[in-house]
Amino acid sequence: DDGLVIAGRKFKSRLMTGTGKYPSIESMQQSVMASGCEIVTVAVRRVQNNAPGHEGLAEALDWTKIWMLPNTAGCTNAEEAIRVARLGREMAKLLGQEDNNFVKLEVIPDSKYLLPDPIGTLQAAEQLVKEGFAVLPYVNADPLLCKRLEEVGCATVMPLGSPIGSGQGIQNVANIKIIIEQSKVPVVIDAGIGSPSEAAYGMELGADALLVNSAIALAKNPVIMAQSMGLATQAGRLAYKAGRIPIKNYASASSPLTGVVTK
Amino acid sequence: DDGLVIAGRKFKSRLMTGTGKYPSIESMQQSVMASGCEIVTVAVRRVQNNAPGHEGLAEALDWTKIWMLPNTAGCTNAEEAIRVARLGREMAKLLGQEDNNFVKLEVIPDSKYLLPDPIGTLQAAEQLVKEGFAVLPYVNADPLLCKRLEEVGCATVMPLGSPIGSGQGIQNVANIKIIIEQSKVPVVIDAGIGSPSEAAYGMELGADALLVNSAIALAKNPVIMAQSMGLATQAGRLAYKAGRIPIKNYASASSPLTGVVTK
Amino acid sequence: DDGLVIAGRKFKSRLMTGTGKYPSIESMQQSVMASGCEIVTVAVRRVQNNAPGHEGLAEALDWTKIWMLPNTAGCTNAEEAIRVARLGREMAKLLGQEDNNFVKLEVIPDSKYLLPDPIGTLQAAEQLVKEGFAVLPYVNADPLLCKRLEEVGCATVMPLGSPIGSGQGIQNVANIKIIIEQSKVPVVIDAGIGSPSEAAYGMELGADALLVNSAIALAKNPVIMAQSMGLATQAGRLAYKAGRIPIKNYASASSPLTGVVTK
Amino acid sequence: DDGLVIAGRKFKSRLMTGTGKYPSIESMQQSVMASGCEIVTVAVRRVQNNAPGHEGLAEALDWTKIWMLPNTAGCTNAEEAIRVARLGREMAKLLGQEDNNFVKLEVIPDSKYLLPDPIGTLQAAEQLVKEGFAVLPYVNADPLLCKRLEEVGCATVMPLGSPIGSGQGIQNVANIKIIIEQSKVPVVIDAGIGSPSEAAYGMELGADALLVNSAIALAKNPVIMAQSMGLATQAGRLAYKAGRIPIKNYASASSPLTGVVTK
């Protein structure tokens, strides 16, 4: 594989994970390792607030190997998200990633489905790009919104497959396909993926990367699921490059005269 | 993984492949290797008939490492299939697999969709079991037929996901699930799988193994697709063991008070 | 519409219903009326046994207007089914349908999913055809089995969409399509339909008729659901004849120069 | 049925249609009649421009019976859409609908998929509401955007099921469900519906109405398809009210002791 490039930075793995919802810090550490991921997203607000269970997070991962993707989870409007993004940049610096200007932008006024606000996200993205951030916005799978985000200078777009934590998979394939087709920045499918088959499917569609958290952290065995997601992401990418067979209504004619070895 | 056991024989890989439809013998050889499979099915009839492209098949694979699964492709009724199964056993012996009594039983009167005949398949299976074969019957995903085949002593059941070569994936999930639930012999999903996401999905459902041929042989790049299918089969198996998250309508409540590290 | 013809008998409605599972006899009577159906299936065994709630069934429907379709529910093998079919013919005669030789053939050894046995069904069908019955066999959606049933002289084939009472809809579209394409007798989709959209879908695929029972009888309001199913069956048939638009990836070019009135 | 109420105006039919893409004016007239619809959307711009085939549109429909829904098709930004909406109001007045202040708001910079711009749509909606319009905005199925549109005073929201004219059906069920759940104004599914089963499905989900154009106008027989869509819309609404059965994995236990008449 040729690797994933975001804002000029190269990554071998096309799977990103998170730190939330795990049964324990150890489980999280081992799952991150097992997944083979190189990018882990962290909720800035909860780390800053010393939210229960976040006390040791700074030391829990080896930030010389894992690239931190600070996120603005918990922000309900553009202003909050901008402020938290700045805190995230400080946090990354403190943890030794001097040149890390990445932010996963989440503007989420909706507490039930945790769906993002398109207007607030675009406003915050514009401002953060001006401030030099590499902005990775979490958005509904809206091709026109993704285009606008790309135009204001976002480093990726991160359309959701289905509501976060729902495990419903990719419920809006038509739009995801259009986003992939038209996008000049990497497309990262974020939220909704519940199983490795769905992860592979996203990659087969041509997504550049995936972000999977709940499906790993809340699996009965997170570490094994993390490994599975890593393999599935690779499998999907390889298949995208290998070029799948077309879907047909009829069985192939099975003549010994065609092909070298006919089944 | 604990491995796949068929008729007392143990295999590490849960992916089976075939030799048909490849652009060249080399492509087939490399794809079999890349897939990591340990079982390869071979059309006895075409080898026996010296059908074009089958001349070198006996030497093309290393039968000390690959377990041959002779199949009765091209047989339209039970009698033919029984005869060809016996030829297959001889062929395996000649190639050095003295104790190989496996046969993939195909009774296919339908030349358009290559769908199997339930009645003829059951008749042939009964006879072949009596003759000491380990019978792996290719059948429609019919739970009652699978039960009957198990009762007459088949070594596995091989329900199809969708018509062979169609790449339509698993089109009868409800029945496949029931077959997996009730079956005491390994369930091998055979036919229809077109992409690694579908391979992973089959394994997530709890299938014991998969047989994939067209989706590899007819991909633009068969070798890379073979590797992808191998990874996806592993990913699906791991996910089955890891226990996926339930599908929910709502996002998970995202409170910093629940869980150790909340996203 | 040109109407449905089964064994030489013509029906205007393409929806069949049943009498089971209703909250009350009145609810059943009104639902049958509201659905507009002309064929109602009745479980011979339960009527004969005077099972609770079946006492007044003979008088509950107007058999001068509704064609009775006696079924062999509760039979686990061919012999039982043949015996019950004969009883059904007597029952129809007693209720005034002298020339009614219809039987919905069910051979169901499986008490959990109520899935039919292909072997027993074929055996019973052969015998019943010889005895002059118009046999409507309930089967898995197996194209080869349906072909065999047609060849022994069945009046229709009745493939199931998904397990009876499951409301999972049509879970095996690939096979249903093949059955419709190849069948020379009417294809009636029986079991699994849970909503009018699924009923319409079945008819759009080209099915000749549908049998819906649980989805009506167990709806919160059976009478309104019956009316809905009747309309949906009509809608699906009309759409089949009207010829739906192809599915496309792209929007239609919206030029005022093409077409008469461009949207 | 209790009827559809939009901006205080009551309609019996829950199906809206259009005038575009028909093979002839006659075909359009008869299809509108056959569908039973009471609201027809008209592209203001093309009528104003005397685009080919739009010459007689004003006289083609009986505007004493059909409520006109002028649309802003062809507008690529908010300013254009506002201007065309005003023209639409004049057009409706000229055709005798003095009190018609409805506008179907389309802001579509994308000429390939005809997908709407969320930002421009919201801007135009805000202005048009201020000017006293009953605004029916055509949008991606984005729950947060729909909420914002409701908050600025739109009369409905019109999320798309899939790209216009694609006939892909409802490809984003998860989002459509959330929109229906949270919306206080009527939800009209617009675009993508290709068949009556999809129309029924949209209504079963709880949509208040549907807009279908291409699937009727471009069917092989538009008039019959129009009738079918009308029936399916009714069927779906009835089913929504009747309360469908839950989806189950298992067949219902079939005991003669439960229920009155057990199948």
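Going in written order, the chains are labelled A, B, C and D, and every chain counts its residues from 1.
Here, a residue touches a chain if its C-beta (ideal position, glycine included) is under 8 Å from a C-beta of that chain, and two chains touch if they have at least 3 such contacts.
Bear in mind the structure is a predicted one, so any value in this text is a computation, not a measurement.
Both chain A and chain D derive from one sequence, and where they touch, over half of the residue numbers involved are common to the two copies. Taking each chain's centre as the mean of its CA atoms, A is the chain most distant from chain C.
Centre-to-centre spacing of chain A and chain B amounts to 33 Å, using the average Cα coordinate of each chain.
Chain B and chain D have CA centres that are 47 Å apart. Rounded to whole angstrom units, the spacing between the C-alpha centres of chain A and chain D is 34. For chain D, residues touching at least two other chains, in rising order: 113, 115, 163, 166, 168, 174, 249. Every residue of chain D that touches chain A in the complex is listed here, in rising order: 109-110, 113, 115-119, 122, 140-145, 147-148, 162-163, 166, 168, 171-175, 178, 192. By the touch rule above, chain B contacts chain A in their complex via residues 18-25, 28, 41, 43, 46, 49, 51-54, 57, 73-74, 111-115, 163-168, 194-201, 204, 213-215, 217-222, 224-225, 227-229, 231-232, 234-236, 238-239, 241-252, 254, 256-257, 259-263.
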